[in-house]
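The block underneath contains the structure these notes are about, expressed in structure tokens.
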Amino acid sequence: MKMTDTVRAILANYDGETPGVKAGLARILMQGRLGGTGKVVILPVDQGFEHGPARSFGANPAAYDPQYHYQLAIDAEMSAYAAPLGMLEAGADAFAGQIPTILKVNSANSLMPPEAPKTQAITASVDDALRLGCSAIGFTIYPGSSASLEMFSDIAEMRREAAAKGLASVIWSYPRGEALDKDGETAIDVTAYAAQIAALLGAHIVKIKLSTDVLSQPEAKKVYEAEKIDISTQAARVAHCMQAAFGGRRIVVFSGGASKGADAVYDDARAIRDGGGNGSIIGRNSFQRPRTEALDLLRKIQDIYLGQA
Amino acid sequence: MKMTDTVRAILANYDGETPGVKAGLARILMQGRLGGTGKVVILPVDQGFEHGPARSFGANPAAYDPQYHYQLAIDAEMSAYAAPLGMLEAGADAFAGQIPTILKVNSANSLMPPEAPKTQAITASVDDALRLGCSAIGFTIYPGSSASLEMFSDIAEMRREAAAKGLASVIWSYPRGEALDKDGETAIDVTAYAAQIAALLGAHIVKIKLSTDVLSQPEAKKVYEAEKIDISTQAARVAHCMQAAFGGRRIVVFSGGASKGADAVYDDARAIRDGGGNGSIIGRNSFQRPRTEALDLLRKIQDIYLGQA
Amino acid sequence: MKMTDTVRAILANYDGETPGVKAGLARILMQGRLGGTGKVVILPVDQGFEHGPARSFGANPAAYDPQYHYQLAIDAEMSAYAAPLGMLEAGADAFAGQIPTILKVNSANSLMPPEAPKTQAITASVDDALRLGCSAIGFTIYPGSSASLEMFSDIAEMRREAAAKGLASVIWSYPRGEALDKDGETAIDVTAYAAQIAALLGAHIVKIKLSTDVLSQPEAKKVYEAEKIDISTQAARVAHCMQAAFGGRRIVVFSGGASKGADAVYDDARAIRDGGGNGSIIGRNSFQRPRTEALDLLRKIQDIYLGQA
Amino acid sequence: MKMTDTVRAILANYDGETPGVKAGLARILMQGRLGGTGKVVILPVDQGFEHGPARSFGANPAAYDPQYHYQLAIDAEMSAYAAPLGMLEAGADAFAGQIPTILKVNSANSLMPPEAPKTQAITASVDDALRLGCSAIGFTIYPGSSASLEMFSDIAEMRREAAAKGLASVIWSYPRGEALDKDGETAIDVTAYAAQIAALLGAHIVKIKLSTDVLSQPEAKKVYEAEKIDISTQAARVAHCMQAAFGGRRIVVFSGGASKGADAVYDDARAIRDGGGNGSIIGRNSFQRPRTEALDLLRKIQDIYLGQA
Amino acid sequence: MKMTDTVRAILANYDGETPGVKAGLARILMQGRLGGTGKVVILPVDQGFEHGPARSFGANPAAYDPQYHYQLAIDAEMSAYAAPLGMLEAGADAFAGQIPTILKVNSANSLMPPEAPKTQAITASVDDALRLGCSAIGFTIYPGSSASLEMFSDIAEMRREAAAKGLASVIWSYPRGEALDKDGETAIDVTAYAAQIAALLGAHIVKIKLSTDVLSQPEAKKVYEAEKIDISTQAARVAHCMQAAFGGRRIVVFSGGASKGADAVYDDARAIRDGGGNGSIIGRNSFQRPRTEALDLLRKIQDIYLGQA
């Protein structure tokens, strides 16, 4: 498929970056059913690390096999597949060249003592990503954590190395830490701030959560109210987050969270689309469903982004 | 001996890895009496570091000599011998080429203050393993410890270097730490999680403990019960751990723990065999017995894996 | 424009430095409407990192777009534009060669837990600055913080690398930390000390805040009183800070702080001019105003430095 | 002197090591009056660092001069001289080639706050040892200290570098730390454990203290009693420590501790000899005595090792 | 001027060191009015970092200019000038070749919270010293501080690099830390210990404070009393410190401390001379006086070392 003008326009926002980074972004933007539209649907499978195997794959035991996910992403005509080292290695050879991959280079787990600082272990390198033929690396930051400054420095270094070696960088920006309560983690002011930080750190693709209309930071609250910034609907909040990502100059994808009913998933996708977001990253809502059901759901989501649903 | 189809099938799970890694795995899989069957029995001798010399070798003083263990592994026709630096160095030259060796690159000891974070010292390097002619490096992680993220990062780096230099990596994955009580360390949900983490970190061989039917993590417990995952027998739990190790795409060996009666050891081996595990790693139960008794026991275990007992 | 004697005289203070450093300083000193006068007005945009996007750009939404700031600095005929990595990357190609840029290589944020040590994350490198065609790097230190020694060591290393690679170094020296109360952070004795530390660390351009007539350190207070050092007016305090910056051998620029009325901004500029300071670094007071208003204000400030207002 | 069969047999235990390591050991084993016997008497002078100059040399002021110790070791026909960087540097040129030297690469001091973790500063490098013409490096570990894992990692790295560059490694293994009381530090079970750890870390020469018949670790005590391990005499305990050092495959030397009467020193030497130890490392008991008295004492100790006293 | 026999004799104590180190020492020992006598008077200006600009230079505002100090050291015919990076850079080119310089590579400040561990920031490198044409680097250690082990390791590394690159090393050894009270910091036993540690770390020039007759460490006190070590006069204490510096094999200079009357400064110099010390390092007592007064005072001190006063 020839590169579309839409994709060319997005890539122009990355002028000055290495051709390798642009090529990586282009592979993702031109892949699958949404290829060429500027929209993406990405499959992330890091829940085995984050929550353990049974909580992740017990509902759909075929998913214990890493190759299941490669095949799902390919058959669902998705844009890319993101996973930690071991998961990618177990299929990188078999599926080489069939789907763009994103190597998740740091990982959290739920066995850690709750009082430990919120951070992740670096579990893979840029060279691992090159060796495995990936198009990008993925890195999680926790703005608000006492360990976040070190996370920022780590991704700054890995991003630089990745770009120099021709790989794009995706930053998962999830506010979490001692100074944030549970509501604050998804508050719109904090979520937009998380998008801004990821963009400032040089993310080529920013990944954030959908937000609520809570305003968590008192200093920020004053400004939202004074400037009457619209945060009343999910679509408005998505639009505000796009603004926070350099006025739309950066690709932003939104994660869906825990398994839920298909209708809720579709509502999310419509809000992202209506707010001008670039797409969805859908893990548990796809691989925890039986395969046919997941394929249907993913197709429906693509329909939404294509304006057909 | 020509490589068997069974071993070829196992090695195919590592496609994309360097030929050196596959060669290392092949040496272990083709060695000794179980060579070619896809099953392994490995001799680990790191108890001198972990528990001190008298507790380890006092019952069988011939074992103070590092060369005793090389000879035992060779005479018992085992698959490989794993030990810390000093132990391997004291026989690497004398026994060069007679038995595949695994250099344990980190080590714990029991003189540490109990309140210190649970971790191990890195006591050897990948280059040490190359110099000593090893087939693999071995590394312990303690999922659940406040120091575990650093352990994960360390093994991720050493694994990468080892694979690039043609060595396989064995990860000892032993849950331990502030957030786990004694029962939790061997609970089936935590043990399967430990297998998953080792596999995700890129272990070529995963080493875990046999587990109990305890479910320790409340969130996981719900899933085990909802999905009716069978954890009622040791064989069922072994099978579940194989699932957690990428649906059987990774070699998993199980450790036997403290010295015990021969029958209990045989029962363990039968459960591992019946659950589809790849074999046993047997330290204290072999070298703390008199040599002839140990040879008999190891032969009987091999009989079990060969389906002859 | 040919280099003026004034600029030659300033550059002579940097004899012994690499030609690259001098070239970087010369680019800034010869740029824009103040070019050649030895005075500078610099646009810094790191508030998105420090305070979040809405607090920074909500009042003037056009400013969410990084290219807005490049254009503002160019149209206002300013001396240089300073920003973190992502901000510069989003326009470095489009505006290459039109305005000298300063890459801010460390960054703070306001999501951190208040009890965390006062420091910043290193979020960019000297090589990033080279790649983006910058004239200098910028680095913040917090003299007084328990983390300040590490900040000093970090900038010492980055400064050395930058100078060797032909880039000047700007140090933002902002006293902050456990041993300083709010008044102490802007006290004249502490501010002059901050200028001295930046100069001793090898800053080519020192950036400090305007100070108050408070004397915070008891040992210093005695000397100020005994020696009758004039700190009664802002101009006198600026002059004292120039003294602290090697008797005027280093370029010192002063920051304006939070948004305020235009007259207060002009008063600041006059005090800086009358005290012999080298100029202003004006962020929120420019980009949080509507563009035309900002252009007027910046022109008026330049008039003041040119002695025309 | 031609290499003796005894020394050849000892060196054979290091087969697989670099020729440089063997050469270093051979220089020490073939030096002085005990040369060729497999026994050694070594002069260590690190008390200036550990206890300060007056406590170390006040009793014999000639010993303030570093060259005093070179001359003493040479005139007493000792096997080697071990000291920190400054001490060796002050005579390395004058005495080049006259006595094998061991560069102590880490050092403790008694000015540290008592609550600081028990560890030492790394004060010299392998390259320093090469430059000064040394035969070995020396490194102290404190098994039992909360800082011990880091010490183990440090010596593992330095040992590897030293061996690759042709230098032997001597490990001073002194149990000390939060989990050990004063009696525990010299208990036989802990001392044997310390010898085992040093050997496992790859020490070519193990240096431990003479032990008491205390059994400090409850788990170990059970085994000593169950296996009836003889710890009743100092000679029996020396023999047990040799066992713990790979069944005698590693050279073990024993330190004498604080200044004491000559008879007590001779008793120690006889116990080491009778237990099969490789010799003594005698600091304060030699250089804190007047020179003639020290020469007599050292000669008498050599007589004991030669079976002549 | 031809090298004198006195200087040759001192340099012979450094046999084995690189010719570059000896050349650096020779430049200092042959410089100025004391050139060739084996005595030195050095100008250190790091008070701007340690105490801030006004406390350092307020009494003599000409001293805010770094070039003032170069000129003072030259006009007073001193042996060398020592200062932090920024101070040296601001005159290194203008005064190249006129006075040996010592780059102070670490620095303390008085804005730090009082409860922070006593240490300094590393603020310059060996390569900086080379670039600036220095003869030596200078490094402060705080024996007794919980951070001292790290300081020792840092200077060990920098000293090694400096010597390899042809620069001498000066160690400022100032006891300070949690285990020392104010009296202990200048007690003679602790001061001599500080000199010993600096010498053991490989200092080519040891810089300590003049001491009191206090004995601070109980174990040391016993030895001083038992051995009747003379500490009754400042000259006797200087002689004891020379003993602690390898029996006089290392150059030792003594600092004068805070500004005081000229007669007290002369008394200090006489005690250093009579005790066999190598000279004075005089900062505040020179640059905080008016220039003519300082020149007179420095000349008088030189007279004392020349035996003319």
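Residue numbering begins at 1 within each chain, and the chains themselves are lettered A, B, C, D and E in the order written.
In the analysis below, contacts are C-beta pairs under 8 Å (C-beta built on N, C-alpha and C of every residue); 3 or more make two chains touch, one makes a residue touch a chain.
Values in this document were obtained by computation on a predicted structure and should not be read as measured data.
Q: Return the chains shared as contacts by subunit B and subunit C, ordered by label.
A: A
Q: Could you report, rounded to a multiple of 5°, the rotation needed to superpose subunit A's C-alpha atoms on subunit E?
A: Superposing the C-alpha atoms of subunit A on subunit E needs a rotation of 145 degrees.
Q: For subunit D and subunit E, what's the span in angstrom between their mean Cα positions?
A: The mean C-alpha positions of subunit D and subunit E differ by 36 Å.
Q: Centre to centre, by mean C-alpha position, how many angstrom separate subunit C and subunit D?
A: 58
Q: If you look at subunit E, which of its residues touch at least two other chains?
A: There are none in subunit E.
Q: Could you list the chains in ring order, beginning with subunit A and heading to subunit B next?
A: A, B, D, E, C
Q: Within their complex, state which residues of subunit D touch subunit E.
A: 48-49, 51-55, 58-59, 61, 64-66, 84-87, 89-90, 92-94, 96, 107, 109-116, 119-125, 127-128, 132
Q: Can you list the subunit C residues touching subunit E in their complex?
A: Contacts found on subunit C: 13, 15-17, 143-144, 146, 148-150, 152-153, 156-157, 160, 175, 177-180, 189-190, 192-193, 195-197, 199-203, 217, 219-220, 223-224, 226-227, 229, 240, 243-244, 246-247, 249-250.
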